[in-house]
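The following pair of complexes shares a single chain, chain A, combined with chain B in the former and chain C in the latter.
What follows is the complex of A and B.
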């Protein structure tokens, strides 16, 4: 294992160095860093050109200049020396200063989109595989291919027009017309009955109940102006948390496992208790507080599961952790909702943003700034999500169908295992192997920056850094970008190799 | 029921442990609830394309548009410029007087009681430092072609030219600390456009290890003029000061050192989030005429033109000045914003190389220019954005300037108003000259221009060879092409740049044109502006009669302003819409 890792690292470093040389010389020969000065009519043009030549060492031919650059970059490998030198931009900023900022915005942008795409993609893929050729399957297939084929700039512009500008206009007097309420209800009813499946009577009941329920909820939202003053309150937190506990138990342990179910319920009680006790702490919370609370919540869930014990402790613990995390999330969501009216008035009643990652000079506590991040990242995340989740649904569906048709799954069914166990325990894991490969490539590609999405939403991430640098003939930021992306691509492919071994016992890492 | 009992006990224990742990851990990370600040005067948010990189606009690396806007808002000065490029003197800051013609002597007097934003007075010490920066008086360095200093010392590196001020001797300072007198050894045309105010002398002095601005002044008055022939040893204190001014103002985050923010202008920077926004608030020590009526001006980074329009429609920004295109204009017109268009100071032009064999014959030049479809080019590139735009008819003036109309009447440009294929054929008398026409292939406007010219000139018998190149800027003046399409940026005011293009040895005279050499050089020592305009009109006519080339059009500009902001007006130069920020008011909040 150790020798495998060391060999991989050594080879990667060599590849990185060689690639950086190619990248550096190609970019340097194609770049025009003096363009703006050469065509200027400034009186001291010569002097300005000379100053830039000096600042960027343009008098050294590119292949040799690469050695100068490499000398600075090599210092980054010395731990704690803080001698990292990736050169300067044309406007005299250290690349080592601007690179972390660009990485931070890209990671903020990409993480949410990636996690959501994987979770949603997998869930939809599995559901459509289990309900193959149903109305839902066809609808999801159609929608995902439709979204996949849309160019990202178009999605971005549509989102801005309808979700941002349109929604903000709607918020001025947020009443939903009755026709739309009913239409949404019917669509939801159709979707849910298709997911649940079963005979005609069961479908009718499920679909009907869903429609009536969602129409009622939407009508209530419209009538009470809930969108302006949202909140869940203890009653809804309790109801939703119980739903989460039951759902988690059904998925992980099966509802017959009483200990797991009781674990879930105890966790719900703890969450509800924390709703009442923690409001004071929330008012003065910082990000650190919330992180600690989240960790504590998961630990409490695990602990409850552990204490409940039973012959399969692990199941109870997982149910406890998931219920704790999600119901804790509901408590936080409720607190965020309490700050929503403050935020909306701070931004002149137009909460959903189209550009940038924060409102200038907002100030405010962690809740208001949290909402601010949400309203700024909502659209770009959605844009990336809509495009990238299609491929996950496809891979997940195909993988699941293939696995479900294999002999060992038939054997598992034949020996009388419940369908839940067959799907979650036997099939799911094997389905993940091809997804891992996809994920490894996707992380690399997404970190490389979604240039178009970044530029349309004004998020100054890695893509922008690269694009702007290339446009100006500014070599050093381009190389900074290259180093990060190349390192990430290598790292994630390496992690994928390790993940194969973890998922599939037949694969051995040597 | 023993199991349930044990479960209950365990559950209670879990609740207790969980709650205690959560409270104990989380308690350490809390922060106080901030009190929200109430806004009263109003905030205007202006979209900017590029990020802010430096508090010093006047270095070669800091000379970028957004830095320029911040510099405009935070620097007091003796004058500003209006949209017709008329210089307007700001007597609330100080006054400029010519006290003698021979030698040219100019006296600068600061208004009494001016203060920097840290409360220190603005004095002649600051003016002397600004002069030292701009004049290059102390530089003794000799540089090679790559810009390496081979001998001597160069102190301050500046974006502007030292031309003009390099002819001044050491200034004399008044005893009241408010006046400075400059004496020029040769007359300098733009003497009224020197505004000696830059970085605060007291801050620069501290950074150089001196006690006060007066110490820096004493040093500057004591040091000898730099002599490249026999350079004196470098002065370490001035070197330290120069190093600070040259690079110390470059930032990638809000500086922790408040002295970088010290402003002499109406506004001062209060917050900077790199790549996102920069916030300016009124300078409470500012007493001049350009006091803002607003609480805040925020510059927000939005590189994409369509994103700017969407942000304006969504109320995230109030003023945008995006790169002009018909699509952007159409999108902008759909919003509730006030839209205005106008012409910028950038203009495209066609130049003929006078050292190219094909153009040795004036008749060929004239014939070629007669085939240029200027109106068609304007209609396809500019008219969709700015319907009022007209073909540019002068090489020396832009239509916003008052002298444009007079010059156009007499400069002979009317000969090229319409495409005249027959006239061109007659001049060519059957010849079919080949012309290598260079342009920037990366600029779609230039590609359109090239295609229009190629189609039109071929009709008269010219063979137009496509010499377009992405490397065009490196090739300027190297003789590999016969004609070139590219753009200049007219300063709009001031005359110091005239010889750059129009004298035989000017650095921007890529065409080896000699027809206006003497006239161009004579403008530099002329102190009467009406006479200068007459000389320029003469040069204008000369260039047309020599068939020098043709100006094509001014690039259009778009300005969109939210209906809640009043008095936002179009400005065609680099300052952009903030040029009259002190007149802006906000209705509503």
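What follows is the complex of A and C.
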């Protein structure tokens, strides 16, 4: 195993070096870094040109210059020496100085998109596999085909022009027309009845209840102007949390497991208690406080589950942790909502941003700046998410269908396990194994896709660094971008291989 | 007695009609033809491409449309599309196309001609890129898979080197260097950097096929390596190659339009569906049609080629059937029954447990 890892790392480094050579020479021969100076009318033009040639070592031919660049980049591998040198940009800034800033927003964007794509894609894929050939399944199959054929720049431009501007215009007087309310309700009803499945009567009842419920909620939202002054309040937090606890129990332990259900309920009571006690602390909270609170919440959930125990302690603990995390999230959401009117008035009533990664000169506490991040990153994340979402859905569906036909699933059914256990414990876990490979490839694709999203939404991330650098003929930032991306892609591939070997004992590592 | 003769009579009735066994190729071809969606998509793709070529002509030959894609024309109606497709009896203005069916851009160029030229260029890139990538991929993959050992290791490491760079990144660099030389050059150069997926697939096929008996037989009969590779193994790997070539073509459209949108692909004054959108994005609110026409054709071309690819995959490997209306109707009742039975069993078991 150790020799495998060492050999893989060695090969990866060699591959990375070779790829950097390809990239460097290609970019260098396509670049014209002196163009802006050659066409300028400055008096000291010659001097400026000479200075830039000196600074960027343009007198050295590209293949040789690559060795100079590699020499600087190799120093990055020495730990703690801080001798990293990735060259300078045209405007004489160190690439190593601007790279971390750019990485921050790109990582934020890509992580958000990746996590959401995986969670939503897997969920939808599994549901459509379990309800194969239902109306929902066909609709999702067609949609994912369509998403495959939709270029990401098109999605991004459409989101920007329709959703952002449309939503901001809508927010001026947020009343939803009755026709749309009913249409949304019917669509939701159709989706939910398809997910629930079962016989005609059950589906009609569930679909009908969903439609009526969602129409009522939407109508209430429209009538009370909730979108201008949103908030959940203790009553809705309680209702939603109870729903979460029941849902988590049904999914993980089954409603027959009373101890798990009681764990969930106790956790809900704790969360509600924290809602009343923590409001004061929230007013002066920082990001660190929130992280600590989140960890504490999960620990409390685990503890409650542990104390409730029972014949299957692990199940109760999982239910407790999930309920705690989600209902804690509701409490936080409520607090964010309380700051929403402040934020909206701060940005002149047009909250969804189309450019940049934060509102300049925005004062305010962690809540307001949190909302600010959200409104800036929501649409780019959505645009990026839609690229890989379709492929996760399709892979998850295909994988789930394959696993459900395996012998061990039949065995599990034959020994009388309830369908929930068969799906969650036997099928789902095995379906995840091939997804690890897809995940590794997807990181590279998302980082590449970020170029387009960032340039459309004007986010100063790594894609922007690359895009602008390539346009100006500025070689070093392009290479800085490349080295991060390539290292990331190699790292994730490597991790996927290891994970695969760990998860699937049939795969032997040589 | 009737029971015994029944099947025999049926057999006799069937036997005279049974035809000579079909070749693999014919079988696949028939399976593809039975897929209405894929065949329709293939025909439609050809029609769109032919329409675009005949409309604005190819090279020096002038097409049937009166304007070229570089001609400057006086603005008509502020550049709005003159086309109307709603007949008068439905309350529209009647069916006519007018002078500028897709409208005009800011400086008065005819947008129909531009869009048609864009379709031409984008489909040229799609086909050429697909062919080049497939060719290189097949050569690299088959050599690596056939010879194994050191050759394989070296070729696959080279593949890794190119795979590390995301397609859009290498595409942008290549497009930046060669985009000014026209669509064909861009397509060839992009093809040199998109063959990796196909090479890996072909290598995998070769690794398993080279162990089969027919290869052994050919080798014993004294066939040369080249003959074994091209006459014996490659035809058996053709399915994988054709399917992935189609899918590469579908993603080639998306790559080219994305690059042109960013300004690294086909450049003004030449036209691509991507740079039409990139150029006119700022006019989205004042002249939305400048955005919608190219968008419509990008999505439909990519969607159609994807449908063809999916149809081919089904034809080559029927196990992979993904979506078929007929099969759905056949399977649904049995599936529902199955689920009912299972649910019933579960319920019984639970009841028994409770007792």
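As a convention for this text, the second predicted complex is superposed on the first by the 499 of 510 C-alpha atoms of A that agree within 3 Å, B and C clash if a C-alpha of one lies under 4 Å from a C-alpha of the other, contacts with A are read in each partner's own complex, and residues count from 1 in each chain.
Here is the rule we go by: contacts are C-beta pairs under 8 Å (C-beta built on N, C-alpha and C of every residue); 3 or more make two chains touch, one makes a residue touch a chain.
Quick caveat: nothing in here was measured; it's all calculated off a predicted structure.
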item: Which superposed partner A:455 touches (first chain B, second chain C, both, neither); value: both
item: Chain B versus chain C as contact partner of A:274, first or second or both or neither; value: first
item: Partner chain(s) touched by A:419 [first = chain B, second = chain C, both, neither]; value: second
item: Partner chain in contact with A:157 - chain B first, chain C second, else both or neither; value: both
item: Which of chain B and chain C A:39 touches, first, second, both or neither; value: first
item: First, second, both or neither for A:224, with chain B first and chain C second; value: neither
item: Partner chain(s) touched by A:447 [first = chain B, second = chain C, both, neither]; value: second
item: Greater chain A contact set [chain C / chain B]; value: B
item: Partner chain in contact with A:216 - chain B first, chain C second, else both or neither; value: neither
item: First, second, both or neither for A:358, with chain B first and chain C second; value: first
item: Residues on chain A lying within both footprints (that of chain B and that of chain C); value: 157, 161, 455
item: Interface residues, chain A side, partner chain C - complex; value: 11, 14-16, 18-19, 22-23, 26-27, 29-31, 132-133, 138, 141, 145-146, 148-154, 157, 161, 197-199, 413, 416, 418-419, 444-445, 447-449, 451-452, 455, 466-467, 470-471, 478, 481-482, 485-486, 489-490
item: Residues of chain B defined as touching chain A within the complex; value: 7, 10-11, 13-15, 17-19, 21-23, 25-27, 29-34, 36-37, 43, 45, 51, 53-54, 59-62, 64, 143, 145-148, 157, 159-163, 247, 250-253, 271, 273-277, 279, 296, 298, 300-304, 306-307, 310-311, 313-317, 470-474, 476, 486-489, 496-497, 500-501, 507-508, 589
item: Chain B-touching residues of chain A, taken from the complex the two chains share; value: 32, 34-35, 38-55, 58-59, 90-94, 97-98, 101-102, 105, 157, 160-161, 164-165, 168, 262, 266, 269-270, 273-274, 277-278, 281, 283-286, 288-289, 292-293, 296-297, 299-300, 303-304, 307-308, 342, 346, 348, 350, 352-361, 363-366, 455-458, 460, 464, 468
item: Of all residues in chain C, those that touch chain A in their complex; value: 157-158, 160-162, 164-170, 172-174, 176-178, 250, 254, 257-258, 261-264, 274, 277-278, 281, 284-285, 291, 295, 298-299, 302-303, 306-307, 310, 322-323, 328, 331-332, 335, 339-340, 342-343, 346, 349-350
